[in-house]
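First chain written, first letter: the chains are A, B and C, and each begins at residue 1.
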């Protein structure tokens, strides 16, 4: 069974200046355990598509299935974990409290919660910071907490909307390596929105190139690599070749500035 | 549909309240004597409109003068506090205290200082009441300039006066408007309530107190309508001002 | 930082006292009147007060009077009835505060839950504060006496005062709770939605904690409003024993005993400060919920 299957999905937003077609005719299939990136310029609908999968918005047309169910059912059944561009940590909870939030909401017992939180904190390298508050953490650390939180219930699908967008390049590369390791270990499928070409190539099995007005998929680039995705990959010719492939696919896409829409 | 609902719902609630009022007083006769029938209130208001208007003018005048004086003082002292640390240090605890003490309790003192036939006590109380929100909001507004804007003006070689005119003042203006809006309602209420604590025998508050005590409830409520009218008028004027100033501004 | 605030506050109070005595010493004996007509006493408008003992007692006289007997003979020093009255009013205001907070919080919750409720009720809640207390104080009082006489529920007079005080106290709480519950970021709301968390878990774990920075100033304001409400209600109902009545009483004797009215005046000021200060203490225990709160 595939993690995500979309067929002819479209999304239209009514505005006072007329309808905006955010997405049209989106056909995409994400296999279990597959890492897929959505990349494209502003307004191409990548975040909208992610929100549709997450059932944070509903599609105007077409069908969308997550693990064979409707997106709504998948959300109710808690089949996915989500991370946003801003970490979105609750400021009055410690790191441990934030990671535990989904567990608390879904009635996990206290002891089991504590154990899982410790496990996740170790996974993202924040064991020494579990009692700190978000305002005491750097942006990168906050994002790590958000990722740990997204993994709390061992979801089979991870949805991530530019989670590293607000971080500096060095932290970003480090977290990408961590994410690659974590997703390989957990075996979850990942749908990852980004506008960084190197990031998309580094992390993904496939890169989905999108274009705006109307938002649609224009290309899907396969990124198969030999060996694991680690620091060595960043300097391999294979990597550069794939980055070029994605860039050329994107150049076929007209870039449009926001105020010219 | 929803836009219409937004304006209709308070009207519906108002009609419901009125209906309940009429039900309790006129239909069920279950109300205490102190609660008059809305019909009686409207009748009295209509019949006594002239004398109600006289008292409205007294209270409204006290409130307006208090509002203007208090607002002016608030703006001046906030400007001083924003520029001089020691003044801010002295004023901050005093204003915080003023914000929580019952200012109307000072009315008897003012009346003995300025004479029991003077409106000064009521104006002073209204002024103090108006001063606090204006001071607090203007001070906040003067401190809201964003560092990126301050850097921009500094890099452009702007003088202190220029920076004030081009950046600080426009940034602080919406806060001033908010302060004025709050101050206007507070000034009206303060001017009215101060009348219960002595002074000349005029004004809406004294009338309400007198007629409520002597059992003429419908007349008392007619005066209340006058008082509400003053409050609403002040609120509308200052809200309009606030809206005019914040037009075209990003939130 | 706190200590220097107290110090500066003391300096400020001292400055006010110095200004008072300085004016008494240097100011015109008959005050400053504009628009006076010669030969007509009491005409014109007095802008600055007279500096005699009756209009402006010395500060040390004001303080000293507190320790002299209340009404001559063997009556206790003035400070005793002032403190007693202040404490009584404080207690009534506290009850009014509790009622006001409960009603205001309930209204805030309802208005946040249903947009329609907010649209329908909020304008009336705002308008409610323009209705002077003194208009319906007699209504509450007479309903109260009726209930008391009907043998069912004992209804002491102070309870009517507390109810009237709660009328002023509920308003800031209703607004504060509404604003606070609506304050969470879009991203936090999306997060809760992604957890399929319904209304109640979202309320408990997100909206209420996020509301704390809005709630605390509202509670402080409600305490100050409850005090004002209690004082005014005491005067309009004619309740004995509270500081409101004492203010009026001693003001009436002001010509023979000018320093006396300052006693209950100081008492009311202290009352407001104590009420607000007590509520501010609540904020201390909730420090974690105020992280990321921008300082005003």
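What we mean here is this: a residue touches a chain if its C-beta (ideal position, glycine included) is under 8 Å from a C-beta of that chain, and two chains touch if they have at least 3 such contacts.
Computed from a prediction, not measured in an experiment: that's the story for all the values here.
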- Message: Please report the smallest number of touch steps linking subunit A to subunit C.
- Response: 1
- Going by C-alpha centroids, which chain is farthest from subunit C? Tell me that one. A
- Item | Between subunit B and subunit A, distance of the C-alpha-averaged centres to the nearest whole Å | 52
- Return the distance between the CA-based centres of subunit B and subunit C, expressed in whole Å. 16
- Query: Tell me, which parts of subunit C touch subunit B in their complex?
  - Reply: 4-6, 8-9, 11-13, 15-16, 31, 42, 45-47, 49-50, 54-56, 116, 119-124, 127, 129-139, 141-143, 146, 220-221, 223-224, 227-228, 231-232, 235-236, 243, 247-248, 250-251, 254-255, 258, 261-262, 264-265, 268-269, 271-273, 275-276, 296
- Task: Spell out the residues on subunit C that touch subunit A in their complex, using ranges where they run on.
- Result: 185, 187-188, 190-191, 193-197, 201, 205-206, 209, 212, 288-292
- In the complex, subunit A residues that touch subunit C: 54-56, 75-76, 78, 80, 82, 84, 86, 88, 90-92, 101-102, 104-106, 133-135
- Message: Per the contact definition, I'd like the list of subunit B residues that touch subunit C in the complex.
- Response: 5-6, 9-10, 12-14, 17, 31-35, 86, 89-94, 97, 99-102, 104-106, 108-109, 111-115, 117-118, 120, 136, 140, 185, 188-189, 192-193, 196-198, 204-205, 208-209, 212-213, 217, 220-221, 224, 227-228, 231-232, 235
